[in-house]
């Protein structure tokens, strides 16, 4: 079973050389720490930056330079700044190769719910609806089950949707799963020491698994 | 009867302090020479410039700095450069207070034709259709009659239209005329020495004239 | 050149009235018009509709206007950092309309570009789509979203000149340029105001034609919302 | 950072094929991609559809491609400066689609912004409106115009860096940034190519994400179409 950094580390393997990537808040942010050596990646922050760097050194914070999570950050050589409309323009025109974000629920047909729980204070969708509606490749990073022990991989989302038919891949503490074009979750890899049966029990949506589903390999 | 500079000079009196103005090719370009002292005006060139200045001094031409007529120009202090989309964005959102352009024909209801003569090589409408469709205030600078001696102020345009119901005012070598909201040309001023009858003969469209139409006054 | 300079925030916002719709630039607390917000609180104008990506924090930004119950309605994409906001929302004192961030930005831009409506796929198939026209282009569904209509846009820039030209600094640019284009009246406060001619025309982000009033602000706090750092080793 | 540098114009355009649709930046002869045009003439690729505000002059710019009969169709707003163009048009060798200049620019922008269509009042009530959807917003009619779909966009910038970021100079900016956003593949030639990190991120007009290939051009003629001057007295 993976911890959050393990999930981030596994997702980082999906990033290819030359990718422009948008990382959501939470586990997705951690992915930046595990991008393999020699892979050139540009991180987009949807508040208006391409070429996001690491956090600043103490004392070098700049109030004018933050990411979409409102954290102080830095820029890397070759970065560019733009306004919010152009930022979502490049998202909408699919110039961003990969979006990684968290979710409360994902359904068999790739629907995602991650912004609203009825009865709770709604904070807003931020840029999530724009990202999931436009990105050509979306990976969800999340826990396989919620705090109540219920599966977050469902036949149909129960929470208000963020986007429909958009999620392609899910990485959890238990597994890597693809969302099949015809519906259903295809088990691609198991976390070290986790059995297919265990994953099946934690997955309420339809799960497809080949005979010998490999364990994840970390270098 | 006015010459081209006279028409330009008369139109210049319509420009108010603080106006952003777009000047078309031909007589409209001459208007810039007659903007009264103490009137602050910013000239827009739709290829992407606010704050257009006069032609450069000989030897100081810059191939990268031209107006919409492809002429070498200069910028004034406070000018700004932008791309073609933003240029027409500000035109469309009516940030430009006044557009002055030439015409082949204007109709009683403010339609304008100025881009195409059937049977002749068509060069294109350039930015004229955008300008006339969006500007809140448009003045046409033109000769009252064409080379064949036919009126250019008509009940209905005979040439392909550039825009409909958009022209508010016309200044010719003979007169200043307003296009009435209900249709028809209201004679506002006569050129020095030109009679109302003469103007009426040169105007095929419906002409309204009060009893004592004043002569134009130039300072 | 046309001079857009006013004496300060009080003069700049003097004709904002109860019930007006305001756009306010900024992302979180980054790039917000601090001086104008202070002046709005002082003026005590009420029943405002505020279009702004966020609603500030309890004691800064739009949060200061919320404290004084000056806001009737917020139109935002994310409002999570404000307890007073939550209290007013749950008690029914405050109305909120949540909009996808890209839709918010593009509806501002549409206004500045004179486009009455735009198409975006954001929100298709969700409750955001309720009551909206859905249109299919090339096999993909889009929502038609309308341009915003705001009485005033209030933005914060880094530098500006007397002709109203604006230059923004780093990610404090965010919503400021698209809102600057979209106000019936646009008010810009800047950290440094210079004479027309001192800014390079090629570097200007917002041409002066969009800005009606400009002034040099004072005492910028530029509060950091999430101070995240690493340590040198 | 991702490196977008190619060796030169020949490599940059090597996969452009007969029948492709190209966007070409520039306004008149100002800001045109001279090196790529030379390379396209050399390559001899044919049956091109060219989206460009103008068609060059007889012996420069797109005029050079017209001379070689490489262009099947021009999509422009104004094509008045070119006798060979007129000859081919009248003889039926060349097809031309004339579009209002703002519509042309906005259809490029729409593509870059991922908006399948936009609304503009330009051309309402004229022959430009024929066959197009007219829609009324707030009492005013607008035409619905579609985003362009171009195989390649070829632009010219002043400075660029290895990450593909572009800065334009003066009015040679014109259509270049909106086309740079709109190509399936975008090729940029620049007068000066620098290392990533040498350009101020706040000054970049076109972020590198839109640019797929970049190279430093050579031998720019930058011909002036209408040399207008005044004399010192």
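Per-chain numbering from 1; labels A, B, C and D assigned in written order.
Quick note on the criterion: a contact is a pair of C-beta atoms (placed from the backbone, for glycine too) under 8 Å apart; a residue touches a chain by one contact, two chains touch by 3 or more.
All figures in this text were calculated on a predicted structure; none of them were measured in a lab.
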The chain pair with the larger count of contacting C-beta pairs, comparing A-C against A-D, is A-C
So how far apart, in whole Å, are chain A and chain C when each is placed at the average of its C-alpha atoms? 29
Whole-Å gap separating chain A and chain B, where each centre is the average of the chain's CA atoms: 56
Between chain B and chain C, what's the gap in Å when you average each chain's C-alpha atoms? 36
Multi-partner residues of chain D (each touching 2 or more other chains): 106, 113-115, 120, 168-170, 173, 201-202
Going through chain B residue by residue, note those that touch at least 2 other chains and give them in order. 49, 75, 81-82, 85, 89, 91-92, 134
If every chain is a node and every touching pair an edge, decide which shape results: line, ring, star, complete or other. other
Throw together a list of every chain pair that touches. A-C, A-D, B-C, B-D, C-D
In the complex, chain B residues that touch chain D: 45-49, 54-73, 75, 81-85, 87-89, 91-92, 111, 121-130, 133-134, 160-165
Sites on chain B touched by chain C in the complex: 18, 20, 40-42, 44, 49-51, 75-82, 85-86, 89-96, 134
Which chain D residues qualify as touching chain A in the complex? 1-3, 111-115, 161-163, 165, 181, 195-197, 201-202, 204, 207-210
Can you check the complex and tell me which residues of chain C touch chain D? 106, 113-120, 137-138, 140, 142, 146, 167-170, 173, 201-203
Contact residues on chain D for chain B in the complex? 27-31, 53, 76-81, 86, 89-90, 98, 100-106, 108-109, 120-128, 158, 168-178, 205, 222-232
